[in-house]
Amino acid sequence: MTTELRVAMIGHGFMGAAHSVGWRQAPAAFDLPLSPSMAVLVGRDPDKTAAAARKWGWAETSTDWQEVIARDDIDVIDIVTPGESHAEIAIAALAAGKHVLCEKPLANSVAQAEAMEQAAQDAAANGIHAMVGFTYRRVPAVTLMRDMIAAGRVGTVRQVRASYRQDWLADPESPMTWRLDKDRAGSGSLGDIGAHIIDMTQFVTGQSLTQVSAVLETLVEERPLLGESVGLSGTAAAERGRVTVDDVALFTGRLASGTLATFEATRFATGRKNALDIEISGDSGALHWNLEDLNVLDFYDATQPAGEQGFTRILVTEPEHPYLAGWWPTGHMLGYEHGFSHQAKDFVEAIASGNAPHPTFAEGLHVQRVLDAVERSSSNGSAWTGV
Amino acid sequence: MTTELRVAMIGHGFMGAAHSVGWRQAPAAFDLPLSPSMAVLVGRDPDKTAAAARKWGWAETSTDWQEVIARDDIDVIDIVTPGESHAEIAIAALAAGKHVLCEKPLANSVAQAEAMEQAAQDAAANGIHAMVGFTYRRVPAVTLMRDMIAAGRVGTVRQVRASYRQDWLADPESPMTWRLDKDRAGSGSLGDIGAHIIDMTQFVTGQSLTQVSAVLETLVEERPLLGESVGLSGTAAAERGRVTVDDVALFTGRLASGTLATFEATRFATGRKNALDIEISGDSGALHWNLEDLNVLDFYDATQPAGEQGFTRILVTEPEHPYLAGWWPTGHMLGYEHGFSHQAKDFVEAIASGNAPHPTFAEGLHVQRVLDAVERSSSNGSAWTGV
Amino acid sequence: MTTELRVAMIGHGFMGAAHSVGWRQAPAAFDLPLSPSMAVLVGRDPDKTAAAARKWGWAETSTDWQEVIARDDIDVIDIVTPGESHAEIAIAALAAGKHVLCEKPLANSVAQAEAMEQAAQDAAANGIHAMVGFTYRRVPAVTLMRDMIAAGRVGTVRQVRASYRQDWLADPESPMTWRLDKDRAGSGSLGDIGAHIIDMTQFVTGQSLTQVSAVLETLVEERPLLGESVGLSGTAAAERGRVTVDDVALFTGRLASGTLATFEATRFATGRKNALDIEISGDSGALHWNLEDLNVLDFYDATQPAGEQGFTRILVTEPEHPYLAGWWPTGHMLGYEHGFSHQAKDFVEAIASGNAPHPTFAEGLHVQRVLDAVERSSSNGSAWTGV
Amino acid sequence: MTTELRVAMIGHGFMGAAHSVGWRQAPAAFDLPLSPSMAVLVGRDPDKTAAAARKWGWAETSTDWQEVIARDDIDVIDIVTPGESHAEIAIAALAAGKHVLCEKPLANSVAQAEAMEQAAQDAAANGIHAMVGFTYRRVPAVTLMRDMIAAGRVGTVRQVRASYRQDWLADPESPMTWRLDKDRAGSGSLGDIGAHIIDMTQFVTGQSLTQVSAVLETLVEERPLLGESVGLSGTAAAERGRVTVDDVALFTGRLASGTLATFEATRFATGRKNALDIEISGDSGALHWNLEDLNVLDFYDATQPAGEQGFTRILVTEPEHPYLAGWWPTGHMLGYEHGFSHQAKDFVEAIASGNAPHPTFAEGLHVQRVLDAVERSSSNGSAWTGV
């Protein structure tokens, strides 16, 4: 029998549901070296927290995250609150010797992220692990993209295009949520979905962004306040509030090698629901992936005979593919939440092995610095701005 | 707190893993009127059964399904064994007053299926429910297809095309499995995957097949025996065995209205991994769906202005869509196993409400009769054969 | 300067327009060994013929095809009339020593086609060529498909699926045209579009169909007569007429090797405009093509590493590809009518070289025999019927 | 009989072939008010010019464009030379009272374009027309996109994304051509293909770009000189030369309404052969088009019921669609060169009617100003730069 690994999760919104699937499914799909148990769910509202815990399978609930962090019988703190509280919780948890999994973006400011990264370094010295929740890295097709680039299958990377398009704010009467409030969310499309494409670009190329030229824009400046929450949005109240974050973030960046990469993050791309799209052009091949068709990786091999070249639609469901051995036979599709199971698996394995999991807080901090550089460039007439 | 509903599952192969996800996830995604608990896993080999139970979260194990059926504290028997044993177990379980969920195809012969259907009728008189596991009915896009046809969105159905293509037997050295043995599997591609497209056609059109003209063929008649099982297939042993089932099933059928429908089931469609594809042509519209892109339903509305007509690619991830309220925000994809959660949900709700769940054993029997008619037609020079 | 090759075309409907493009464009795109000139256009109605000739660039007109055939200064007779008149014209033209290009299907009956094939054989002894207008063979992606199969890129062919779906008769008030009249058209979907997929299957596999099991069906038996002709259809007159041909043709065939092939030809596939779709599954690869995306050939290479397999979307616009050297740079798409230019090119080259062009009248006759076998099988309860 | 319109074309490269198709095919597809005749082909090398004229069907040839412009029997001058000579020829032709069709981009500098625009204005006073060859406007799906935006089918435009990706320079040993020489081509990807997406954005939205923030980059600075020309490229000579133009152009612009638009033009997008892609997001709909699938327009109608929304794949081959009445029945695809026939048709009709054709030289000048602003912004650290 494997040793238990007791997890407490702080927060119970959309991300709480997704992380719960990860903790519930990972041990059923993979042979893990430790047995994660869903020990405590922490939330401000005791009734809502209790209801969520009952539904998702958390054994206990609490309204006091500090008390939970102090408990000896908790090994892992999983933070799924809005960005404003990440730093305080994560730093405290690491200081208390808990492994920490923190949702992205790491924080709402570079200063917070720096403090978190320092805390993670300190904790690492004691064998404590910290990891940021960029789960899209763990969609099998994305992991395969990274592996193929690392193996030289596209040659030298020449251009990167990354975009993340949603349309849930296209309706100007769609109400305010915490995601539209700079104080709580840090930024808008930029931090919420732009952070994903920054991280993914760096992950698959193995290179960091060093500078950016950017423009941020708020297309609808005033919206009804939120009535009742439904999905990412909800019903509209009678009063109106001010949108304090960007709706659209457009930026061009340079990777360490000098390679240009373009980015678009928007919630106004009518008809595009969750279209994270990335394409890497190399001098001997190319790779393309889109979250709306997440089990497919398109690969162009420019070393094949000229008359037979084309984008090959790889269905990433073979046992050879990353994470697939744990799931279904060839051709049986995975969905959005499988990345959370892979995240749980990798985090548990890192804790068991003592090898640091990725993305590290240092990587999360770097993303935060890119977000900050984007905001500075945008405020400065799109001038090229160092990260 | 909701009342518990104690489930025992018999069998622990690929389908056992999938049904386990259903029982585990359904209560976390939906507000169910009863609380299903994963009480007992039954298998022949005690060690393998124990390992599977530990991994998938079943509380107890047993090697004696008859004993389990006899237990007072079990409410539901979930049968995921190969088709040869379905009849005996299901009839016994129903007689013992247990609700029964039985994997498809219902049985390996019409006679078995008839006996099962009779048992289900008898049990129904006592408020006991029986259901067949055609889970693809519960992929949201398929349920939506059915709803749209029922609502008249394509008008009168004029033609149906259904195919289910895999390629895992294309390699003649791919080994024998129980799926290639007529005694255990009943038939080959026909019963394994052809049964799905028969059921789906009848489900979405609301019509039964009445006659068929068919040809069955075994393309590779001898294969290595199975060494170790991996996914749907496995490693090859040194000895060889005889394939006693069809590799390819091609048939044309007529629905009750006289409408022609074409069917292909094959495991030799090189490059097609799990391509269940169905298209319904009506006199005012059409619908198309493919399992390899399972969150999408293509809808052609011939009542739109001529210059704006085209297939609309509906991403079936809106809260309005069937089952979606339980899952993620718009644009977050579901995978293969979500159908099993929907099946668990609907079965639990049927038990709670007393309304019979579908597909009924009568529906399963009808599919069995179609399978039988296909075999008779094929043996009789593709002559049209009544179901 | 190259020698002139003087062409007379008989007929000036839709096919007349398409063949005219072929004769006009081929010499501008390719370096031909003879210079085809558009000498005479023949039609029954002198005004309409003159108008068509003026528009399409034919130098003269005539209402008497027999007289034109008798002229010494005509080298080629191009027949684009409905099928009923093919035999009489082609046989007379061949007897008069003219090379003949005849639209498909070759004839309206096997007897006619046999006489034509005999005439072609007789003429061949005198160096006169006869060719059938299955132009889809000359879409570059289809020619490439044939070449790749011949080169063994998919291994042994295991299954063929071919369908040709249109929807221009889905509306029951769409009027009668000559294509719905058995006396003029021979058959309906079967001969009009089914003939294409029969020919293409035989062309790309290099194998003949030897037997079929079929069902033909007329879905709408009475329609308004045609008022004014527009495209393939037209306006509805007040009176109604009887449809005497099939609307839908479904059949299964066996190739010489025994391989099964499925066929569907329909004009009731709502939303499918011109969807000729063919897929060849071999034991080491597969090929797929669709006329609605005609510049693309999908190739699955089962000999690639398992984790990198997938359908490769070959854009057939490279200089290496068949016929492409005559056209535009890579990535510049060809359209429907380019096949007619390729047909003209190949026919001119055959005349110049003395090598027989394909498809021969013998191939056209074989297609006619398959059409006939389909009709006989359908009349005989779908019994397997030899070609 | 219609009056003749005598055309002289100057230049005989790739664009000469394409324009020749336009002049040859337009009168055969459409009922034109004037009869264009292919009178004179002008080129520097008499042999090559004669060969091209013979192949493409030009009646005469000349090596002296000034002499041809002076001829009384020439009505139209069609300029398909590299950009460096556009201004001199066009201005002279307009002054001589010839209608002028000039390939894009209008010129190699703003100053040249201004002079040309002034010449066009002067000529217009005398009923002489000038038009720029942005033929992609006349792909039916693009014209339809413009029409639908103008008709309010997407509401207010919120974002525009336009990219044009090719890969023929991805190989660093692909040789120099005149397109890589700043003196002859003006710029690289920017003017060659970027000009198309600038024009198309302005055309479909009906709005001009007012400012840009840009970065241009040359990825491969030295290449073999050109040996023999083949397609857009050719064989490599032994010596090497310096690339003096951009390989990649990335820029963000603002339309008159303030709407943000992103642009990418590149010849290094491995695997993308001719991927001009444009997407318009409006507040009640969206439109998307890609040149590699040029007969398709994707339309998202956000006013449909939520559960039935999706991108509708409109096959732009209906008689209702722009230009389609002249071509084939529904579902028969057009190719790259059809835009040139539509251009010829519209230009002839403008000359006959006296209504000015578009795109005007003023529009061509505006594109030139955008190109210039892009270069200035790129030289100035991507600062926002007025057009």
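Just a few scattered comments:
When the chains are written out, they are named A, B, C and D in that same order, and each has its own residue count from 1.
Here is the rule we go by: a contact is a pair of C-beta atoms (placed from the backbone, for glycine too) under 8 Å apart; a residue touches a chain by one contact, two chains touch by 3 or more.
Quick caveat: nothing in here was measured; it's all calculated off a predicted structure.
Looking for a copy of the B-C interface in A-D, A-C or C-D, one arrives at A-D, which has over half of the same contact pairs by residue number.
The chain with its Cα centroid farthest from the Cα centroid of chain B is D.
Inter-chain centre distance (chain A to chain B, centres taken as mean C-alpha positions): 35 Å. Mean C-alpha positions place chain B and chain D at a centre distance of 54 Å. Residues of chain D in contact with two or more other chains: 272, 309-311, 315.
On chain D, the positions that touch chain A within their shared complex are 154, 158-159, 161, 167, 170-172, 213, 215, 217, 219, 248, 250, 252, 260, 262, 264, 266, 268-272, 279, 281-286, 300, 302, 309-311, 381-384.
In the complex of the two chains, the chain D residues touching chain C come out as 14, 17-18, 20-21, 24-25, 27-28, 31, 55-57, 166, 168, 230-232, 272-275, 291-294, 315, 317, 319, 328-338. The residues of chain A lying in touch with chain C in their complex are 144, 299, 306-315, 318, 320-321.
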